[in-house]
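Pasting the structures here.
One chain, chain A, appears in both complexes that follow, with chain B as partner in the first and chain C in the second.
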Partner chain A sequence: MAGGRFSLDLARPSRQHWLGYVLLTPAVLLIAAIIVYPLFVSIDLSFQNVGIARLDQPRRPFTLANYERLFSSPDFWNACWVTLKLILVVTSACCVLGLATALLVNNRFRGRSVARLLVAMPWAVPEVIAVVIFAWIFDSSFGLMNWVFLSLGFIDRTINWFSDPDAAFAVVATTMIWKGYPFVSIMSLAGLQSIPEDYYSAARVDGANALQRLRFITLPSLMPVIGVTTVLVMLWIFRDFSIIYVLTGGGPLKATQTLSIMTYEQAFSFFRMGYASAVGVVTLVICVVAAKLTMRRAPDTL
Partner chain B sequence: MAAIVIDRVRKSYGALTVLKDFSLDIADGEFVVLVGPSGCGKSTMLKILAGLEAASAGTIRIGGRDVTDLAPGDRDIAMVFQNYALYPHLTVASNMGFGLKMRGTPADEIARRVGEAARILDVEHLLERRPRQLSGGQRQRVALGRAIVREPQAFLMDEPLSNLDAKLRVHMRAEIGALHQRLGVTTIYVTHDQIEAMTMANRIVIIKDGEIQQIADPETMFERPANQFVAGFIGSPGMNFLTARAEQGVAQLFGTSVPVPPGADGAITVGLRPEHIEAGDGPVTFVARPNLVESLGSEKYIYFAAPEDNRPPGFLTRSEEDRRGDRLIARLINSGPIRIGEPVTLSFDPARLHVFDPASGRAIR
Partner chain C sequence: MKISTRSMLLGGLTALALTSAALPALAQQKTLKFVSWQKDERGVGDWWASVIKEFETKNPGVKVEWTKVERGAYADTMTTLFAGGKPPEIVHLASFEFQKFADQGWLEDLSPYIRTAGLNLDGWAGQDACQWKGKPVCIMMLYFGNIFAYNEEMLKKEGIAPPKTWADYVAAARKLTKDTNGDGIPDQFGTGHETKGGGGQYLSELMNYTLDAGGRWTDSNGKVTINTPQMVEGLSRWKDVVKNSLTPRDLSAGETRQMFADGRIAMKLDGPWLYPIIRRGKAKDQIKIAVPPFNPPLGGSSNILGMASEIPAESKKLVWDFIAIATSDKFQTDYATLAASTPPSPRAKTDGAKAATPHFDLLVQTAQAASKAGVDRIPKGLEIQYNEFAKMIMEESQRMIIQDLDPKVVAATMQARAEAIQKQ
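Moving on, here comes the complex of A and B:
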């Protein structure tokens, strides 16, 4: 009934914004159901003394006990410290490695497409598979890494990677870097390709050497991309669970227990869901603040 | 400031040769324009001069120094790019001082020279801005400023005006000309626009398919083109070409016998510029029926068909559509009213004719 009195012609200019809302609705509902609602539930839970949360039970009385316990708990501060260490180490390593590989495969050479594929590959490997591979590489008895270190003469007896706190942290960090740098690579490569060739020509005529071209043209031009990418990598480390959980389970001696591992453990091992929700809420606040700070540092240049 | 010698430079990409034995001597302080249709190799030549591309063969000397194997930064030249290549993350002042900074010039010296260049180009008030806050013309000035603060041996300019609108282009053309007068630095300027070439150059180099067609000052280029390509490339609207037969120094043109140079015999191509056709009687007079009249106010372009015996070269090989549109152009100043389809008396002086060999295109004099 096109043009009929009661037909709803969403293509009419005066109704075009309706069409927009109609098309948005499914996504909004989905996000509301799987992100916004659980978020409010967990904020609510964090203010209650709840063991196992059940939606069919009445609310418990409001309490700040979870937060009081949290901020006075050494476990919480340890988890914060581990998370911070992991973020500093993994983010900086991912940035350096990602940028370096991007610069490498941005050059023209034979087999460039294959090289680009190889650089991006760790990103395509499913996280759990990658973790299992690394668990074997760092196995104390049969692992590749001990064999390589022994053969090269770095060590004279095998390292027990998962019982030494520092070694376990190193294993977790290495795995995360391997899994995380290709993302920086891919983003940087896209950024590199959008830098006009003329900038480099002009710089060469001006007498800038390769290092100066990197310092004064490539890096500043990439800053917006690197800024956003750093935030995304950071958030990924904040929320990543499977790598640490499968490799070390947060141990030994909580040396690799990040905030997300702690949240999981409190909720599903000790069944203190109110307390776990409080950890989750604090993590969320830290994430938002950290992302804001990082984004502000990236100058908007273009 | 320096003289530049380009000696038999060749450039090929695999089997494709884009420059064939390109030789050119440029005097100290000269303004030379390389001009030609796109893909003729003019930009490649400029990049080879700058050192951004390597020549396959040949040598380049700047100020007597062989720079063929030197890096761009060691050649002491400055280049202005079509898209200006201003760094978006640096201020205008930092952009202009970039080359000096790379060479380790002290900061106060950089500031002094940038200030001086900014004053010459009238961009002093823009020094703290970023390129994105500037208009096209201002960016163009800053790009020129970046070149002049270096005080180089030569300026290389790669179509620097093609991103500006028509009015600004005319303005900047004059400014670049004035800047050259003032600084006297050897300048090599690449463009596809013959008007830029004619108005700015001391000497023009016309290039086609990687080969120099003619090297001459603008006047000679216009009055005595070396071949049909040059004749057709220079001048706007372009030269009219007609066919004729020459016998014993005489050819029939518009039904009249006109003298041709003694070297011409048999089939010839005759060139006649639109501005050399006049309204009214003259040495060679004919009647034309305009099929299109364009009035530009001060002048009129009259389009009309060539006589049967003098069809333009290639006439029969064109498509039916093309042949119908085949037109000669006369550019008339101060003619009376002219209407489409009504006969009009036109004339020209046979001394103004250009005669070309139809096979090689070379001019016959």
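Moving on, here comes the complex of A and C:
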């Protein structure tokens, strides 16, 4: 190329940044096509009274009706409440279980590799397969859980897991925790392995017991990892669809209807794509705000 | 590496020549897309395959690209295909969902084709439901009546005769629901209904009881008629069956059918599609089929065949050829035999079907009884809002069972909510 009439010497110091732009262009174009463009279409649709959306149709008049209806809808506030409950329950359980298992498999013991594999296994299982397994475990008539509870004498009659709002919520939360905790565990394990051993040696010399070492060395050192992981788990719960949809479809009585299930239902069951877009846009805003707040509040150390 | 201008020109010309030679061959191969959830269904799937084979034989160079989409994802997939401007040319939809597509203008008015072909649709079962804004936008492919199947051995063991009325039926269901292995969990059920899943199936299951009690969702003018003593009685019956777990809870329709076929459920009310499942089940030799103990039986339109409106005229002609084959007397006769279902055409010969399916007369009888009583799963006046209506009925019924509500109160709530849905 050098010396040609239209050659471009990217090695020249004044043009070095061009190479960066050139290399970034395909990725930027791809992201614009598959994320930014649909996002703008969705925002635009949310301000129109659209049943089934078609891109080749003329734009409908601007309206705020979808948002007015949304904020006055009890279903929307119920979906917000269900989403919040799931986030609180699943995120905290995932963090506690993930951290506990990470601490466990960070120790040296026989069979540690197998233990690490077992801890990470649920993460590798496809969501739909996990859902099928849990649907069988919690089957009201022939499920394992009713049999175990009855055998242990915890209950005297079977629980209709998917016909009771509280039980259905518990099933969904349990499945999500099982599927989600290995991610926290893997991230925490990576964080644990980066803590210098010297810290612990110095603490032992100073007479710190195991609990004190956890409280004053392990947890503060892990906080940046836990902060980012919490946000990622939270966002996963916000957008997760398949676990809830396959297990309960959002029922019974909307007890497991999250914002993502509501968006899907409005768009593809009731064909109200303008309204569904409004739910989606509000969900996006909530996600951004929640992620921002969590990141800001997560301290670097305790 | 340097490439001379001459080499580039030569290469380009060669590529052009090769492409030109290949184009006519490609142009001759036309493809019509046909999406269906019935592709792998035993019986009816075989029938569709025979229609496709006949079409491809009659139209050399035209291929039907047949794709299966699961029923659960069907409405989403079809909506996306139509909204994206790439609809399947041959349109197969459930009879409770085509209205949304017709309302968007996505289904072709078939009247010119019907007229030109001289297709006589007089007496074609369920065809009235295909009229949209006064025009036929589809051909009804099945209008069915529910049959009543029961496990004779289980009934005999308890000394129960096949029920003839609701009272007999519920008494039998109570007696047949039991824990047979003593682990504290009932493992044999009197009857079986889907209580988990979509609103449409839930509505159908519930309608077995409301129809027998004389209740209807709407009248012939489309006015909501849920808050009536008949509907209250129907809801009470449903509550009795589900709340007392005379049916296994939280199972899909497919799972309950399989349980019945395997001898874990004693009685089942279902459409003609139950029979092929029974034949593969463990209890196939114990199961008998009879007239439902409910009057009128649940029945109604099932699925439709249509043509996408936004396709070239040449493709429309081919799609009509496909529809003409599917609606021909020969293939309607084959439908009865292969699908073991009642063909909608009054001209179909059912002798072969009667030989292959012992209870075929019963299928015809129940379909006629349902048709005579004007029964359909899609309430008049709520066609467009069907999904939302069905979801609402499911939720209110679940609330009645979970919160132990009085069916009178539930009927009043359903009435108010249905009217609100209708006014949207």
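By definition in this document, the second predicted complex is superposed on the first by the 293 of 302 C-alpha atoms of A that agree within 3 Å, B and C clash if a C-alpha of one lies under 4 Å from a C-alpha of the other, contacts with A are read in each partner's own complex, and residues count from 1 in each chain.
Quick note on the criterion: a contact is a pair of C-beta atoms (placed from the backbone, for glycine too) under 8 Å apart; a residue touches a chain by one contact, two chains touch by 3 or more.
Computed from a predicted model, the values in this text were never measured in an experiment.
Novice: Superpose on chain A as described above, then tell me if chain B and chain C fit or clash.
Specialist: Chain B and chain C fit side by side in the superposed model.
Novice: Counting only touches as set out at the top, which of chain B and chain C does A:223 meet: first, second, both, neither?
Specialist: First partner only.
Novice: Is A:251 in contact with chain B, with chain C, with both, or with neither (first, second, both, neither)?
Specialist: second
Novice: For A:196, decide between first (touching chain B), second (touching chain C), both and neither.
Specialist: first
Novice: Please indicate which partner A:205 is in contact with in the superposed arrangement: first for chain B, second for chain C, both, or neither.
Specialist: first
Novice: Based on the superposed arrangement, let me know which partner A:166 touches: chain B (first), chain C (second), both, or neither?
Specialist: neither
Novice: Pick one for A:271: touches chain B only (first), chain C only (second), both, or neither.
Specialist: In the superposition, A:271 contacts chain C only.
Novice: Who wins on chain A residues touched, chain B or chain C?
Specialist: Touching more of chain A: C.
Novice: How many degrees, to the nearest 10, separate the directions from chain A's C-alpha centre towards those of chain B and chain C?
Specialist: With chain A as the vertex, chain B and chain C sit 150 degrees apart.
Novice: With the two complexes superposed on chain A, say which partner A:150 touches: chain B (first), chain C (second), both, or neither.
Specialist: second
Novice: How far apart, in whole Å, are the nearest Cα atoms of chain B and chain C in the superposition?
Specialist: Taking the overlay as described at the top, chain B lies 49 Å from chain C at its nearest C-alpha.
Novice: Share the list of chain A residues that count as touching for chain B in one structure and for chain C in the other.
Specialist: In chain A, nothing is touched by chain B and also by chain C.
Novice: Which residues of chain A touch chain B in their complex?
Specialist: Per the stated touch rule, the residues are 196, 198-199, 201-209, 212, 216-217, 220-221, 223, 299, 301-302.
Novice: Can you tell me which positions in chain A touch chain C when the two form their complex?
Specialist: 51-56, 139-142, 146-147, 150-151, 156-158, 160-165, 248-249, 251-254, 265, 268-271
Novice: Okay, in this complex, where on chain B does chain A touch?
Specialist: Going by the criterion above, the answer is residues 47, 50-52, 71-74, 77-79, 81-83, 85, 87-90, 98-99, 102-103, 132, 146, 150.
Novice: Using the touch definition up top, name the residues of chain C that touch chain A in the complex.
Specialist: Chain C reaches chain A through residues 75-76, 79, 82-85, 100, 104, 183-187, 189, 195-198, 245, 248-251, 387-388, 391, 394-395, 398-399, 401-402.
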